[in-house]
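First chain written, first letter: the chains are A, B, C and D, and each begins at residue 1.
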Amino acid sequence: MSATSFLRRLLGGGAGGVDRRISDLASLCEALLAEPGEYASTALARQALAAYRALDERLRTEFFGVLAQDYSPAPEAVAHAVAAYQADPSAEQLMALQAAVETPRQKLFRRFNMAPDGTATLVAMRGALLKDLKAHPEWRPIEWDLMHLLRSWFNRGFLRLQRIDWRTSAIVLEKLIQYEAVHAIHGWRDLRRRLEADRRCFAFFHPQLPDEPIIFIEVALVRGMSAQVQPLLDVASPVAPPAEADCAVFYSITNCQEGLRGISFGNQLIKQVAEDLKREFPHLRRFATLSPVPGFRRWLQKSRVRVSMGSGGDERLALLARLADPAWHLGEIPEALEKLLTRLCAWYLLHARQDGEPLDPVARFHLGNGAALERINWMGDSSEQGMSRSAGMMVNYVYWLADVERNHERYFREHHIAASPQVEKLAREGAAAAQADKGAAG
Amino acid sequence: MSATSFLRRLLGGGAGGVDRRISDLASLCEALLAEPGEYASTALARQALAAYRALDERLRTEFFGVLAQDYSPAPEAVAHAVAAYQADPSAEQLMALQAAVETPRQKLFRRFNMAPDGTATLVAMRGALLKDLKAHPEWRPIEWDLMHLLRSWFNRGFLRLQRIDWRTSAIVLEKLIQYEAVHAIHGWRDLRRRLEADRRCFAFFHPQLPDEPIIFIEVALVRGMSAQVQPLLDVASPVAPPAEADCAVFYSITNCQEGLRGISFGNQLIKQVAEDLKREFPHLRRFATLSPVPGFRRWLQKSRVRVSMGSGGDERLALLARLADPAWHLGEIPEALEKLLTRLCAWYLLHARQDGEPLDPVARFHLGNGAALERINWMGDSSEQGMSRSAGMMVNYVYWLADVERNHERYFREHHIAASPQVEKLAREGAAAAQADKGAAG
Amino acid sequence: MSATSFLRRLLGGGAGGVDRRISDLASLCEALLAEPGEYASTALARQALAAYRALDERLRTEFFGVLAQDYSPAPEAVAHAVAAYQADPSAEQLMALQAAVETPRQKLFRRFNMAPDGTATLVAMRGALLKDLKAHPEWRPIEWDLMHLLRSWFNRGFLRLQRIDWRTSAIVLEKLIQYEAVHAIHGWRDLRRRLEADRRCFAFFHPQLPDEPIIFIEVALVRGMSAQVQPLLDVASPVAPPAEADCAVFYSITNCQEGLRGISFGNQLIKQVAEDLKREFPHLRRFATLSPVPGFRRWLQKSRVRVSMGSGGDERLALLARLADPAWHLGEIPEALEKLLTRLCAWYLLHARQDGEPLDPVARFHLGNGAALERINWMGDSSEQGMSRSAGMMVNYVYWLADVERNHERYFREHHIAASPQVEKLAREGAAAAQADKGAAG
Amino acid sequence: MSATSFLRRLLGGGAGGVDRRISDLASLCEALLAEPGEYASTALARQALAAYRALDERLRTEFFGVLAQDYSPAPEAVAHAVAAYQADPSAEQLMALQAAVETPRQKLFRRFNMAPDGTATLVAMRGALLKDLKAHPEWRPIEWDLMHLLRSWFNRGFLRLQRIDWRTSAIVLEKLIQYEAVHAIHGWRDLRRRLEADRRCFAFFHPQLPDEPIIFIEVALVRGMSAQVQPLLDVASPVAPPAEADCAVFYSITNCQEGLRGISFGNQLIKQVAEDLKREFPHLRRFATLSPVPGFRRWLQKSRVRVSMGSGGDERLALLARLADPAWHLGEIPEALEKLLTRLCAWYLLHARQDGEPLDPVARFHLGNGAALERINWMGDSSEQGMSRSAGMMVNYVYWLADVERNHERYFREHHIAASPQVEKLAREGAAAAQADKGAAG
């Protein structure tokens, strides 16, 4: 371990400018790694984490520099293990090589985790690293080590599915208000409506973060598959008897922990919740999302030239030009524009792809999960955000419990997208307008 | 991933003798590794684990063979990453190398863990591997992978300290009876006495194994430091008011999970419990163990020649010869024998070492934790096991909360053993009898 | 309140022989009644209860004497209220009369209840009173006051139904072993078998007595309605998959708290459990008891003369005479005896009555609940107790969920007993043997 | 039981105008009383309560009429028991009389309580009765019966003290906002501040009403005894470290259940909380309230004539006349007015009495509990309510744990009020101004 090199540098004079708080923290880390007793480790870990949390942004940047530089395996040791493996590629040498390439950072992080709040601090640390990773590519190995540990610790086996309702503690409910990323929650009254008898909310929790949802999903129990989101979000809407619902609409799903980015929980959450709801309400016949098409406007913008080609191109361009006015949807809208946008949206969802997968991130998520693209809803979300990203479009992806596995497989094997005949027809009509073949997407 | 190679062999004819249950399980494992969706993974994991648990010992051996052979990283891929790293030993290449040497087995085990009871099954699997590792050295890499994961998952941060008492569920209490390794618990009545008001029992639990203690410790709250264990274990002894106790005697500590061997919990448990007890009973002045000396008789046996040397050697040999009679301690015992054994025991504990550390495993544990060797108790344990291993000797190691860190450090830095003057004097007297200098131990 | 009179007597010399502990306790009770502040009351209540619990049996008897004598309403006050009510039988005067006749004892007991363990102590106090009530008829008013309070506090609304299984705390499980009144539980191994997957156990609990079951019931999930109890109690019997059961057999129900005698819980427990089991196992088709006939042998003894009358009377008497030998059932049993006993048992259950209700207490309980007498089982319980009370007979009472209310009503309105045709036929055959008409029972 | 008489009247034609819902409910009540089986009772109770809850106010009034009229004991039966008791005033006859005067209503209410939510409904029923009792004096017996039962069921022994904080469920927190009666809680942000680390909130709960606080108290942990309430209520105030506090200020206590009016909980809550806080924060030296003087302005108004008498009377009157302006306290206030009001307030608190007890209800509560009147704070509460009721005055009552019992006793025995020398001096100065002797209060 080369952590000592840092201290040596500190004492050697070159470290003239190093802040005392950083050198203290580095000493704690070194002591922590050297400590043979676990009990003493816990005390050291507590101190080290407290010192880390007290750093401001500038000092944290400095500390990440130390972590990047001094907690990598010693190159000579790696080189030695590499050579030994080449000479004798046996199981024994492979284990020795595995041990040699593991970074002291991982051991350090495992020891951090022994302190109370250790896990929460490491999740937050990865969040901070990810935020500035572009500016600091040298932090990648730190982030990589954390990802490795967190993926292991946040294994599905350790997560608990919990229903969130008005009986849940305020400390958790407050987090929902804070984290909700799809349709903002406007205070406690709004939240309360989303937890009434005709709504459901579920979250995954980790035993080490009892007050922190990892991911949560909001569901409306309704009659008929919802086409528009505003009625679902209406605080003043009457509460309907859930026993009369025939459709569960997943209208919001939010990942809460930036520091767990890249570890996917949504697939499991959505299916577990669908199964649990089916058990509680056997008469539910449909499990559908009401989802935005967040990449649609950007794609439209980029695709204008193509749209303008062919017969009627000028007309189409003129229609689309109306969207430049932020209030375009408030007055009367030409039926031709509605038709054009709906068709282009269908085409976009089915055929605009990158590496075989849909360009639209929400489509990628649900179709990859095995859902089917069921319906495109004109003016499904007339909020500012809904208009500016999705041109007001909302999509129902349906999870047919019986088809989900097959859809999921065909999606990954053949890049096949399950879509309703109605959406496929729209997409065909859109193809003419987009003047585009599948290859020309993106 | 070379798992497919196994299936290929199966189909290729060479696998004529492979049991159907093994090939089915191998297919499940392969599907599990290939599955991109976590939800589907959970279902596959459940099936694979059920199939694994249904194997008898012969088939399990066969399956471990598959795991050892087919779930290692592909040698070419490793060789390639090794070469790339040699050409460019950058952080990027190091990460690539780390990724290349990680075994598919680890990914497989992480996915196993998604199933209910996954963690418990993996702990049991490592237990099974360890049991036969000597006969199957080729299983070492499997065991190594499991150890890697389990050490991470059973990090101190994830463990919960819980008091065990008569309010605890029978499912847990039953495990204490089953696991107790130091002083066997003879049924529920015996257990009940160990959970009365003047006794304490604590255990570490893991959220994923709610009914399984990981390690537990038994404590007696007494006046004066106990010298003999039989009174503590007496089911009929009266319950003393704990508020009058001045000493907490740790008389038994048991690791429960064979599959977690090598991951140490005792150090933390003992100190955490001492701190908690001090808070509950501020008038406790001493935290001491009452421990066996399990290696003493074996060492005595081996050291007979040395003991016989020098003046009085024949006499000493004659005295020790009495121990050959299993009932030697039941009649009258010559004072000379008591003296001789006590001194030799002191010498053994302080000076019989291997690689600088005490030969005796219990001494190694407590002294390494920072305890001090306080007293040697003649006829401290007159049970059959106590006589046959420890010649009836029992030792008090004392945890002086103020000294524990310093003792622990000096032990690891200088191999220094903290001992009371009384024990040191006995050891000096024993030195003559043992005719031995420190170098001649073992 | 006339409690002071007692103290006055104490001081007045007549109380020369009064034990100091009784006079102290009486002073505490008086202070408690006089105390206007609830907080101070709680402290006084704690002291008074501790003093009460420390009394030995002789002193307790003395204290009950004080309670009976000094904590009744002042006769003059009652007389005054009585007169006022007679003069003006208005609602106001009725309330005044109600207030006047309420005993200070009730207030005292309500204040006792404010102390920790108050409820438990009062339950135990009523238990002690009931035990010796015959010898001390002057205690009746005390017992009556306690009954009044306990009936109110142990209202069904305050009870919680809890499943008891191997996850339950040992402190509760131990009570089952101690309390079981129908088929004794022989230690923890026996208990464990009764809590396996094909058995169920439920109890009512009161929030104030968290570790004390009020009443519990044991159920076996079996295929076919059990005719014999020994196989159900067999510790070594294999555990059957509960999903394959078609019948729930209630084979034991025990009231645990002597001090709650006369407050009935069994009716509710049995039906609540039947409903819950039906929900968990929809394929259960029958809910039946396997019950003793505890009054049968005693009745047989008393009815010998009648049995001997008529034709074949001597023969019958000779057969029944065999029962004098405690081992009569161990050798070969004449078929004629089996027939005779079975018929007489049917006759006894249907026709031996007192005040219109069955003489047999178990029959009274289940038939009053609305169950139907389904089957009489020869040698259903060959244990010593089963033979000596029930002549080995066991009866299945069936709770047909659809009929229970109607049966229950007809039982109370018309003293009608619901019985299967098979049992009714046996009873007709028994009528000849018993030479008895319905009126001659008892 | 004369309930049938009601039905008879219904059928007899005189009940032509009775609403069907009332006659249905009355039938259910009658069936419930007649039902011998507890299990059937529970079902009937459920139906009856549902029917009751569905009544609108007019029908509820009608139903209360039925309860008042038809569920009283039959006068003949009472008369008979009365006569029997007069003839033989024995314990037996007393019990018979007690049984005769108990109303069938009490039995009915006990059976109501068997249904889920029974207790909550009965508490609400008494609340509704109390609200209109003045207009309906004939409801008094109903209210009396309910009071009798509720006092027994809400015995201190059944209540649980729970800390309320930000981890508490929203369903409970919402109730605090709704119920707070002293210093209104303005939304969730306000509530959150009152639950921070330097505040404490505790409530009593009953097992049968898990989501309903019975009474709650709010405490601020501060340095120095607070003189003004606005800083304590300031949402934006910084959170102080509780370990540095030396005084616990009880600044709000609210009874939540109108239906439990007359059953006092505050005495116990306040002392239990003081004890618990002392244990958690041993360095707390003072437990004081910051309380309004809600009767002060009303008393001032009534006492104007007396204040005007004597020398300087006109001047005093002129000063007090300023209070007519609602904004009198916003500008500069003459020192003479401050002095006058403070002295009059002291006099009011110590000497304005009714039946020996202080006229001011808050004073009566705390002084009766054993607190001492420590300090009068000018402009302690400048809110609209504080000004209009208390003329801005706030009082610190101190609970000296060592003196509380003695103060409490002297208060009830001698009507002695414990007050600080400073307050007594003010009161003496006020005496001149009030021109009043103690007898002239009220």
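What we mean here is this: a contact is a pair of C-beta atoms (placed from the backbone, for glycine too) under 8 Å apart; a residue touches a chain by one contact, two chains touch by 3 or more.
These figures come from a predicted structure and were not determined experimentally.
S.K.: What chains do subunit A and subunit D have as common neighbours?
M.R.: none
S.K.: Measuring between Cα centroids, which chain is at the maximum distance from subunit C?
M.R.: A
S.K.: Using CA atom averages as chain centres, what separation in Å is found between subunit A and subunit C?
M.R.: Taking the average C-alpha coordinate of subunit A and of subunit C, the gap between them is 61 Å.
S.K.: Measure off the straight-line distance from the CA centroid of subunit C to the CA centroid of subunit D, and report it in whole Å.
M.R.: Chain centres of subunit C and subunit D, defined by C-alpha means, are spaced 41 Å apart.
S.K.: So, what's the distance in Å between the C-alpha centres of subunit C and subunit B?
M.R.: Subunit B and subunit C have C-alpha centres separated by 52 Å.
S.K.: Using the touch rule from the top of the page, what residues of subunit C touch 2 or more other chains?
M.R.: In subunit C, no residue touches at least two other chains, as defined above.
S.K.: If every chain is a node and every touching pair an edge, decide which shape results: line, ring, star, complete or other.
M.R.: Ring.
S.K.: Which chain pairs here would you call touching?
M.R.: Applying the touch rule to all chain pairs gives A-B, A-D, B-C, C-D.
S.K.: Spell out the part of subunit C that touches subunit B in their complex, as residue ranges.
M.R.: It comes out as residues 166-171, 173-174, 187-188, 192, 211.
S.K.: Report the residues of subunit B in contact with subunit A in the complex, numbered from low to high.
M.R.: Listed in rising order, the residues are 36-42, 68, 72-73, 75, 78-79, 82, 85-86, 89, 91-92, 94-95, 97-98, 101-103, 110, 113-116, 118-119, 138, 140-141, 144, 149, 151-153, 155-158, 207-208, 264-265, 267-268, 271-272, 368-370, 405, 408, 412.
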